[in-house]
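Labels for the chains are A, B, C and D, by order of writing; each one numbers its residues from 1.
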Amino acid sequence: MLRDTQAGVPSPVIDPSSARSVVRTRVRFVETDLMGIVHHGNYVIYLELARVEWLRRRGLTYADWASRGLHLPVVDLTLRYRAPARFDDELDVETTLVEVRAATVRFDYRIIRVSDQKLCTEASTRLARVDADHALRRIDDDLASELLRPEVQA
Amino acid sequence: MLRDTQAGVPSPVIDPSSARSVVRTRVRFVETDLMGIVHHGNYVIYLELARVEWLRRRGLTYADWASRGLHLPVVDLTLRYRAPARFDDELDVETTLVEVRAATVRFDYRIIRVSDQKLCTEASTRLARVDADHALRRIDDDLASELLRPEVQA
Amino acid sequence: MLRDTQAGVPSPVIDPSSARSVVRTRVRFVETDLMGIVHHGNYVIYLELARVEWLRRRGLTYADWASRGLHLPVVDLTLRYRAPARFDDELDVETTLVEVRAATVRFDYRIIRVSDQKLCTEASTRLARVDADHALRRIDDDLASELLRPEVQA
Amino acid sequence: MLRDTQAGVPSPVIDPSSARSVVRTRVRFVETDLMGIVHHGNYVIYLELARVEWLRRRGLTYADWASRGLHLPVVDLTLRYRAPARFDDELDVETTLVEVRAATVRFDYRIIRVSDQKLCTEASTRLARVDADHALRRIDDDLASELLRPEVQA
């Protein structure tokens, strides 16, 4: 069985300047709720779209994932809500790869409102590498080196 | 090519008393928007869940659909918004099969707030019978007779 | 009572070249369903975000709406699904103002996949001008002339 | 300033048998994604609807909240995904009040598939008591005793 924390498999060293991308999005009307603010569940969506873009900027498009049977479902998720975002706010989702293990990776996030640089949300997600049948698969050296590349498009 | 309105293929006669089911749901907090009412896009979801339940009450569960390669995607949709629904409202979705053609069916809907019997939304959807590759398929006699059954569970 | 089709209130002439904006969006993972395509309800969201951007390009930002008590809820909606869009597709939402009446406006839409120019969806929405209490309000000459402006930012 | 962990304000003792409710829901088609399973963001919605029902069974309906200016936004949230849920699955959301502090409460959750009693998701949320202006407010004795009541409707 594949263990996620194997002795003797050192996590690769992550260069912080390469590991971070900032993805901008704008709050949609449908993402608000009757409190007049962004519904707390929608920040999960912001994390996801930022992650997809983080991967794209390193050459990992969805067409690639599909052809390689590469899937990275979220296995755990933490969110801390600091300040509410509102309809039409532009948000920067700072997305940083912080850990690469045998079969999982972890990203940390800070969601910041562009207009006043207010920190709205902090978050962290762990993702597992699985195949099309949801079976855990090793993050091999090729994939690891792709994840450790700097972004090519800001 | 399969035509949806073939000469010589009469639409089966629909018994109005069999063709109608009422499915109750309750508005979720996440379904509201900053106007304090249900976001207009969420009524599409209410139609869908009512349709799934309409089929279940005639013995057509999702396990069946999947095993038979049966899919019924929406090909057109009309909604008229009459009165806003709000968080925690109980809604009755009256769902009526009104037409069965060679490869499509049409359902009409009325969404009514339970507390005051206010009509919130009227809607209509046409669905096409397709296979797993999205290719149009005939609604054969077996499927038609299943659709024309009365509901067994109220 | 405010009537939407008043004798003697001619609808303003709409210049087709001014009335149209194209808003690009990209399909999010969460917007797909188990059929592997965009869930049909999510096109309602694409229409909404295109409309918000259509207004912004004519100087009507949400900050404006709020300060003026201007709301434009959807009162009816029609969608025809032509071809499925998929995760990560870029979509152009062509959004055209086609009618301005006493208290309502109508927009027509064509959602086109950028990669192959495939028409995915056609749609139409009617919106009513209401105040913060959901009461119908006249679209006065000032608002009409704002709506009839050409976009300033492509 | 209101502190959430005040010396001398002991957290009330929570009776585990009173503090737990099980709320059943069924996975909607729209809640799935192209992996064929429930999108991970939708579990946040299941927690929310279970919490609303948990409160209702203790006499705290939304009509009450609104009239008392009572709001309980989520301030932090943790989710661990154990097994995927699928379209049409019935899910039991076990919801337990585990902590009542000066201005916040914490609920823990286990989401279990009814058919095979598989644990799909574990979760925890902290909610803050705020007023309509999002200002933190004390959970007074009246509210605390309402929260500590057993459910009246199973």
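A few notes on this one:
Assume a contact is a pair of C-beta atoms (placed from the backbone, for glycine too) under 8 Å apart; a residue touches a chain by one contact, two chains touch by 3 or more.
Source: prediction; values computed, not measured.
The greatest centre-to-centre gap from chain D, using C-alpha centroids, is found for C.
One of C-D, A-D or B-D repeats the interface of B-C: more than half of the contact pairs, counted by residue number, are shared by A-D. Here the spacing of chain A and chain B, counted between their Cα centres, is 37 Å.
For the pair chain A and chain D, the distance between mean C-alpha positions equals 26 Å. The distance from the centre of chain A to the centre of chain C, with each centre set as the mean of the Cα atoms, comes to 31 Å.
Counting partner chains per residue, chain D has residues 29-30, 37, 41, 45, 48, 87 touching two or more of them.
In terms of inter-chain touching, the protein chains here all touch one another pairwise.
Per the touch definition, chain D reaches chain C in the complex via residues 29-30, 32-34, 36-37, 39, 41, 86-87. Listed in rising order, the residues of chain B touching chain C in the complex are 35, 37, 40-42, 44-45, 48, 71, 73-81, 84, 134.
On the chain C side of its complex with chain A, the touching residues are 28-30, 45, 48-49, 52, 61-63, 87-88.
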